[in-house]
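For reference, the structure is listed below as structure tokens.
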Amino acid sequence: MRHGKLTPAALRKYGFITSFLAVPVLLYVVFVVWQYIQAFQISFTNSRGISPKFDYVGFDNFTQLFQDDVFWAAVRHHVVLLLAMPLITIAIALFFSFLLNLGGGQRNGRMVGVPGSAFYKIVFFFPQVLAVAIVGVLFQAILRPDKAGVFNSALGAVGIDPVGWLIAPGLALWTIIGVMVWQAVGFYVVLFSAGMATIPKDVFEAASLDGAGRFTLFFKITIPLLWDTLQVGWVYLGIAAFDGFALVQVLSVDRGGPDNATTVLPLEIWRNAFTYSKYGVASAMGVALFFMTLTFAVLTLRVTRRERIEF
Amino acid sequence: MTQTPREITRRQMIQRVGLTALVAGPAVGLLSSCATSSGSDTPSAAPSAAATSATNPFGVKADAPLEVVIFKGGYSDEYATQSHEPLYKKEFPQAQIKHQGIQTISQTLTPRFASGDVPDVVNNSGTDMLDGGALIGAGQLLDLTPLFAAPSIDDPSKTVKDTIVPGTVESGFGGDPAKPYTLNYVYTAYGLWYDAKLFEKNGWTPPKTFDEFKTFAETAKGKGITPYAYAGKNASYYQYWMILISAAKIGGNEILLNIDNLVDNAWNADAVKQAAAAWAEIGKYMDKSYEGLIHTEVQTQQNQGKVALYPSGSWLESEQAKDTPAGFEYAMAPTPSVAASDKLPYEAIRAAAAEGYVVPSKGKNPQGGLEYLRVMLSKEAAKAFTEKTKSLTVVVGATEGMTLSPGLTSVVAAQTAAGQNVVTYSLFETWYKELETELRKQTNALMFGRISADEFCANMQKAADKTKADSSINKQSRSV
Amino acid sequence: MATDVMPVAPNKAVTSPRPGRRSINVFSGLSHVALVIWAILVIFPIVWTFLASFKTNTELFGDHPLAMPQNFDWSSWGRAWDKAHIGLYMINTVKVVAISTFLTMLFGSMAAYVLARYTFFGNRAIYLLFVSGLSFPVFLALAPLWLTMKNLGLLGTHTGLVLVYVAYSLPFTVFFLTAFFRTLPTSVGEAAMMDGCSHTRTFFQIMLPMAKPGLISITIFNVIGQWNQYLLPIVLLPGDAQDKWLITQGIANISTNAGYEADWAGLFAALSMAIIPVLIVYIIFQRQIQSGLTSGAVK
């Protein structure tokens, strides 16, 4: 970097670096960073989004937010979503991938899954290839609260009363998390299975010879060796949690109800921007969400830190 | 039915529907004409303007393209593509018409308003409609006064305003001072809808008081029929209409006026409380699952004879046309009376112009936008609308010679019975979307038993106070 | 059901040498039940949707929503096909996702490679700039983005959408590929450079093939993520560009329409049409997807 050291080799190197970074950085700055900077700017204005004119109002939008019950409900639900959805998905996916890859015990000197593993791996992945919009519409019929709902009539067949999946305020958010988990599990089963396949066989053989049972294999060997894969999954699920709002919008009562029981931050941003035309407030919420997610990401990466991935 | 539509519209609608409007009508008319003559509101600045003439009162440039955005909902958009747009094209054969039939009005148009590249006519409607108050506040809408003052297409000796149901102009008021920014095109009556055949078979009549309502509910329940239901998932506003109508019946139309004008404690009025309490009682007969159903699901249940009474507007029959079984006959009844001391009688119904059309002020062809609305208000266009959508328009006498469907026939009968007792519109629904959203939530909470009528009123008052105190929300008011 | 089993700690009793046959059997039995239940949960809604497309409203809203349809009437499929343009939207989606995933991977790996393997001023700043994009909700940028796209003349075009998809996929892609490139041995690249390979050739001919497993995994993530996109197309391919719409928009449109026309069978037919081809493609390629993830097993 220092002057006087620009040898032809160094020039070539910097030329190369520049040529490789130019397009991605340009795309990213134009379509992402620049837009976000504008959004930050808008959060300090009273912009209604439907007119080029606006005034700067300082932190008014933020003070308004912090006094708003709906905002705090949305924040709470978003935190629940951000923690529960990845946790549940990963827990179920780990359990299944363990069964499907190692659950069958040893055969011919290597670990195998339970019978039918290949079939399960294919089937579990199905929901992931369906777009979120499709999943939403599909579950609308499945989760209908009356007797004619698909789940409820199945329950009715064994004598259980209809469940208000999406109308019971205490249950609705969990139902939506359930749908997200339903969609995501298959992918992580396949991903973790892939991870398990890379664990050297002799590790398991050695453990088995030492008399380790399946639970030891799972907790003491599989999980630590899968740590990196788990981390990727966690981050990706954290991002996917943003998309939860599409499901909330399609599935919940009155978009976020009943009584704000399912509303999440992205939905409130949407509502402020497109229903109330309060772009300034919507952007302020976005900024709040940005710092929330950033905190979450930094914490996650610190907690699960590995030497290679730095932040 | 032998009764001709002309009789309906002329004799009944004019007198009854627009009663409040008629009282204030002349004054408003004078003001409007002043505004027009000053010329400040005509979009003269636009470069595309051509010379005005009797047949081209706004000076539309013959080859200027026109962009129309129609909300493709219960009325679909065929009336626009197959009638209104061709009629405009007949006037200006060189004009290119760009049509969009969409549901996501706000998501599609918000960024366009922000950038100044707006269509020329927007049918602002549906769940994802744009906040009308915000648009007016931002100066994005054209004052429609010149439209209503322009000569009518059918009879140039009359103004457009004279050919439509009184009250229509005022129902589209907004801003401060109030001006008409919205053309509400569809003449709509609201009430309790039922299957006349089912009621006949069981020897039922729609309940006239809330006491009768409860008795009826028991009877219907005994037959395994849900006495009353609405769709909480996406149509809780059907229910709040009923509550507001009841409140107006108890305390008079000024209850609604006060709510629109954000008058202090408007929601805490006794009339609102009583109405909320009465409806909450009816809510107890409704299965919890209705909160999670959408309107077409509940309407289909009604078609199957599983729901007796359903709150809706007069578009219902058209919306369900394809699925209404033979032998099902739609009819509409007024909302029941709450007490003998009610200011308006049982027969009073809400009838108002609805379904808004606006002309963005910064469009490329605002003259064309105004002209398009003038075309819509011709008898030919209005008749085509009624034929396609089975709904009446605000154009007087447009249904001449048409046979009315059973549902519309019963609407007409209800109007006749209502006489001058008409419950007026609520404008806060489009003026203050935030308040309206809160009302949806609170209505579900009330009707499904999570809050009491008192809490309902208190929560709504809190939301109204918040709206009033929020300086970022443009305030509107109305006096009629 | 999984959570019932998970918390069982690896205590001595369970992990004792040679666990008894009985405990193995109970465990396999329970785990089989869990697998079967989950398989049913996955398959059942999809099959039900398919069957529902043949049902009348009376059947759908009747007391037996689980019953088989009374007759297999394909008319709802015809209606949905005409109205929903499923075929067109599907082709559009495949086109957009294929191109944008390819470009995402190309640009993402280029940036990640440079960021992972070269030290230069601003390296860390650029890296952090990319990574911070992970925590911002896309649609906050919608309004400004719409304006930018319009000014660039890219609104309502697939080119514009592809560029935006690429830009918004870069944070995730760069984040993980940077980590991946760091794990590759440095010796090979250095040897190539010694042999006179240019930086560019080293990347394309040596490093990229070495990174193939990682690339495949991230590609799959990106395909799924972009296939699922709902918001960006709605805003960037507005209603006046209907022939350019993507499948998610088509479905959302039919779903809204169902709210006004009560054509439930048509809705389910449209859903089935959107689901079945994707499932078939997945089943054909599932082996590749699984092995792609296996060899890549994102490190």
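Residue numbering begins at 1 within each chain, and the chains themselves are lettered A, B and C in the order written.
Here, contacts are C-beta pairs under 8 Å (C-beta built on N, C-alpha and C of every residue); 3 or more make two chains touch, one makes a residue touch a chain.
In this text, all values refer to a predicted model and were calculated from it rather than measured experimentally.
Chain centres were defined as the mean of their Cα atoms; on that basis the chain farthest from chain A turns out to be B. Pairs A-B and A-C differ in how many C-beta pairs touch across them, and the larger number is found at A-C. Chain B and chain C, compared by their mean Cα positions, are separated by 42 Å. Distance between chain centres (mean CA atoms), chain A to chain B: 41 Å. Separating the centre of chain A from that of chain C, both taken as means of CA atoms, is a distance of 12 Å.
Shown for chain A are the residues in touch with two or more other chains, namely 49, 147, 273.
Among the residues of chain B, those in touch with two or more other chains are 107, 110-111, 114-115, 234, 297. The multi-chain contact residues of chain C, meaning those touching 2 or more other chains, are 61-62, 142-143.
The touching residues of chain A, counted against chain C in their complex, run 1, 12-14, 16-17, 19-21, 23-25, 27-28, 30-36, 38-39, 42, 49, 88, 91-92, 95-96, 99-100, 103, 105, 114, 116, 119-134, 136-142, 147-150, 153-154, 157, 182, 185-187, 190-191, 193-195, 197-198, 211-216, 218-220, 228-229, 232, 235-236, 239, 242-243, 246, 250, 265-266, 269-270, 273, 279, 282-283, 286, 289-290, 293-294, 296-297, 308-309, 311. Contact residues of chain C toward chain A in the complex are 2-3, 5-6, 8-10, 14-19, 24, 27-28, 31-32, 34-35, 38-39, 41-46, 48-49, 52, 60-66, 107-108, 110-111, 113-115, 118, 120-121, 126, 129-145, 148, 163-164, 166-168, 170-172, 174-176, 179, 182-183, 198-200, 203, 217, 221, 224, 227-228, 230-231, 247-249, 251-252, 255, 264, 267-268, 271, 274-275, 278-279, 281-283, 286, 289-290, 293-299.
Against chain B, in their complex, chain A makes its touches with residues 46, 48-53, 57, 64, 143-147, 162, 164-167, 169, 253-254, 257-260, 271, 273-278, 280-281. Residue ranges on chain C touching chain B, taken from their complex, read 57-58, 61-62, 142-143, 146-147, 150, 234-235, 238-240, 253, 256-263.
Contact residues on chain B toward chain C in their complex (touch as defined above): 69, 72-74, 76, 98, 100-104, 107-108, 110-111, 114-115, 117, 234, 294-297, 299-301, 303-304, 319-320, 322-323.
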